[in-house]
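Both complexes shown next keep subunit A, but they swap its partner, so subunit B is in the first and subunit C is in the second.
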Partner chain A sequence: MVAVAAFWILAASAVAGALGVVVARNVFYAAIGLVVSLIAVAGLYVTLDADFLAVAQFMIYVGGIAILIVFAVMMTAQLRRGSQTNRLWPGGLAIAGLLYLSLVSGIMQTDWETSSGAIPTSPMVASAADEGVRLPDVLFSTYLLPFELAGVVLLVATIGALVIARDDSAPSL
Partner chain B sequence: MIADKARELFESFFAKEIVDVSMTLLALFVLINVLLVSATMLTYVERRVVARMQNRIGPNRVGPFGTLQGFADLIKLITKEDLRPSAADRVAFTLAPIIGFVPGLMIFAVIPFHQGWVIADLDAGLVYVMGITSLGTFSVFAAGWGSNSKYSLFGAVRGVAQIVSYEVPLILAATSVVLVAGSLNLERIVEAQGIPFIVVQPLAFLIMLIAVTAELNRTPFDLLEAESEIVAGFHTEYSGSKFALIYGSEYVAALGWSAVMVTLFLGGWKPDAGGFLWFSLKTFGFVLIFFWFRATWPRVRIDQILGFAWKVLFPLATANILVTAGELLIIQSVFGLDPGEAVPATGLAGMAVVNLAITGVVLAVLPRLIGTRDDEGPANVGLAAAVRVKG
Partner chain C sequence: MSIDLEHYLVLSATLFAIGLFGTMAKRNFVVILMSIELMLNGVNVAMVAFSRYVVPGEFTGHVFAIFIITVAAAEVAIGLGILLGLFNRRGIVDASEMDLLKW
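This part shows the complex of A and B:
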């Protein structure tokens, strides 16, 4: 009962926050909507007994990515009068529509295993007590390649940011 | 235990779920009130302690020894008119103090005050702490941007850059503790401390102490409210009860981080004497360290602060993780332990000897490597900075 109520409240907040991101004219309000949505999704993970995933979602998305977006927003001059649309909107609409259709068809076609029994043992939704033991084992064996690729992508992004931000005329720190 | 007796009594009347929920609510109610009163008292304690260190007297008029000064200030702030600049963004301006206050309180949800005395026994407790406290950045930004004032925005830009930078060494230093303890659960981290981790991981302790000071925006890293340059930084436009919230949240956060530091490095409730009072004593003692910093050190320049995080603390913390992991591999093969199993006291002692030696070498060599020339080097901190400002 409590879990169902929690699900509806969290799901509603997640959708409301996501709507806020798209609808709000003020970029700062859009950022707030994003944070609300991400926190609500973290809450949904808690209701699924995936505590570690919830906390990681909170730390990476709310604490990291949302803050970086906020930082970008802070550097935006046209904050209050910013427009959400420009003349590229038909293309954007087409891409968004395609993405939506593929997501919906993916969700519809997946054979969701549901059971009232024990929690599934997949590494990402395993109960919190197991996760600490299991997650690294899986991360550094089965998913080693994606893990290392993610590391390389982050490194490239860091170097790229440095190259873009570099100002040779200014004295170094 | 009184709590167990009370639980038995209540469970004879009500259903178990109701008792569970109401016991948690009761614990939260007591905890939050204790924290709020402590934060108010700490404003007085800080002023007295800093005054004593600087050979002044400090507040001594309100109540015996001035102990009611904090409450007098609080009442004054709350009864003031709630002003908001007309050009400020209403939502961001109102929301910022509230968002800023919550993370400090929420840290205490996972802090074990004693064995089993924890409100939410999270297995990923430490990650939770790191995640929840990053909301503070959002508050600083919302306050600075929402005020629509250039000084506020300057303070916010500095603050966000600083907090985001210091989060990296903070998390990395905590990681080496997690490696030794073999768990992210704060209660298990305390249990793993046969020897307090301040001895086993001295370098991680120092890195984390510096990073926490930066995370709390306290001196010498308080330049997002540097009053000599940018009025009061991100909270320039705040007054009345909103300012009281911002001011109070600083102390609640200081308490929260002190509790985390005590849990990670000073053995939490151990040695088991005096129950949760022992833990509280350690936590309050740790807050005094931050006050001591403030009375001692001048403010650092923003480029020095950011450079110190990225060029000194970040490599040090990473190296510390590598060293710790290597030591753990050796210890595990010597004692025949499985990964994640608690290290016995003899293993911890061996680790402590090696790490203390390494820390000694680092502390001896580091000042020679950084800040040698006046305008270069990120860690041109402390005295050197003060001298240059004067001359």
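This part shows the complex of A and C:
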């Protein structure tokens, strides 16, 4: 019962925050809507027994990306023009609406083969008697190469962002 | 009544569609980036829900979600770098005014 209530509250917050992002005229309010939506999704991960992902979502998205976006909003400081829609927004609304309707009808018509197997208590903390796999077991064996590549992606993105955003008038190193 | 896989999938589709609309219809570059984050979050919800309901205990969807979060962080860093570079050089944050590569 608590889980059901938690799901509906969190889902409503996530959708409300997402709507705030696209509806708000003020860019700063849109950023606040994004933060609300991201926190609600972190809560949804808890309801899905994904504790590690919930913490990662909170730290990376809410603590990192959202703060970065708020900084960008303040540095570019065109708040008076606000968040306008472009000329083609009715077309965008139609495409997004059609995609949404087709996705929902597909979800509803599919007979999902859900498993009723045992749910692990937590992916990170396994008791001594627990013989099942844990998240690190999967991440550092089967997916070791993608894990290393993700590190390379982050390094390249960091250097690239520094090079692109550098001010030309600043004294060079 | 209980919460099933369909609930999470419909929520995921809702977030994705809202983000898609924002990506296509907004002019402000920062808001477009936020909408892309919304779309990635919707996909993540679907990944974790599949992992929880279809193959519980295997964490395949969790691994995908971790990689999506990583790529999203890299994408935001690059996107905001482009935004700051454009704003410093040409003073624009409007995506419809970014025409350096337009013909």
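Assume the second predicted complex is superposed on the first by the 116 of 173 C-alpha atoms of A that agree within 3 Å, B and C clash if a C-alpha of one lies under 4 Å from a C-alpha of the other, contacts with A are read in each partner's own complex, and residues count from 1 in each chain.
Basically, a residue touches a chain if its C-beta (ideal position, glycine included) is under 8 Å from a C-beta of that chain, and two chains touch if they have at least 3 such contacts.
Nothing here was measured: the structure is a model prediction, and the numbers come from that model.
Engineer: Return the chain, subunit B or subunit C, that is in touch with more residues of subunit A.
Structural biologist: Subunit A has more residues touched by C than by the other partner.
Engineer: Between subunit B (first) and subunit C (second), which does A:Phe58 come into contact with in this model arrangement: first, second, both, or neither?
Structural biologist: A:Phe58: touches subunit B, not subunit C.
Engineer: Classify the contacts of A:Ile67 with the two partner chains as first (subunit B alone), second (subunit C alone), both, or neither.
Structural biologist: After superposition on chain A, A:Ile67 lies in contact with subunit B alone.
Engineer: In the superposed arrangement, which partner chain does A:Leu139 touch: subunit B (first), subunit C (second), both, or neither?
Structural biologist: The answer is second: A:Leu139 touches subunit C but not subunit B.
Engineer: Look at A:Leu99 in the shared chain and tell me whether it touches subunit B only, subunit C only, both, or neither; answer first, second, both or neither.
Structural biologist: After superposition on chain A, A:Leu99 lies in contact with subunit C alone.
Engineer: Just checking: does A:Ile159 make contact with subunit B only, subunit C only, both, or neither of them? Give me first, second, both or neither.
Structural biologist: Touch partners of A:Ile159: none, neither subunit B nor subunit C.
Engineer: Quick check for you: in the superposed arrangement, does A:Ala50 touch first (subunit B), second (subunit C), both or neither?
Structural biologist: second
Engineer: Which positions of subunit A sit in both the subunit B and the subunit C interface?
Structural biologist: The answer is residues 52, 56, 64, 68, 71, 73, 132-133 of subunit A.
Engineer: For the complex, which residues does subunit B have touching subunit A?
Structural biologist: Residues in contact with subunit A: 89, 91-92, 95, 122-124, 127-128, 130-135, 137-138, 141-142, 145-146, 153, 156-157, 160-161, 164, 167, 183-184, 303, 306-307, 340, 375-376, 378.
Engineer: Would you tell me which residues of subunit A are touching subunit C in their complex?
Structural biologist: That would be residues 3-4, 7, 11, 14-15, 18-19, 21-22, 27, 30-31, 34, 37-38, 41, 44-45, 47-50, 52-53, 56-57, 60-61, 64-65, 68-69, 71-73, 75-76, 78, 81-86, 88-89, 91-93, 95-97, 99-100, 103-104, 107-108, 112-115, 117-120, 123, 132-135, 138-139, 142-143, 146, 150, 153-154, 156-158, 160-168 of subunit A.
Engineer: Spell out the residues on subunit C that touch subunit A in their complex, using ranges where they run on.
Structural biologist: Counting only subunit C, the residues touching subunit A are 1-11, 13-22, 24-28, 30-31, 33-35, 37-38, 41, 44-45, 48-49, 51-60, 62-63, 65-67, 69-78, 80-85, 87-89, 93-96.
Engineer: Touching residues of subunit A toward subunit B in the complex: what are they?
Structural biologist: Residue positions touching the partner: 26, 28-29, 32, 35, 51-52, 55-56, 58-59, 62-64, 66-68, 70-71, 73-74, 79, 128-129, 131-133, 171-173.
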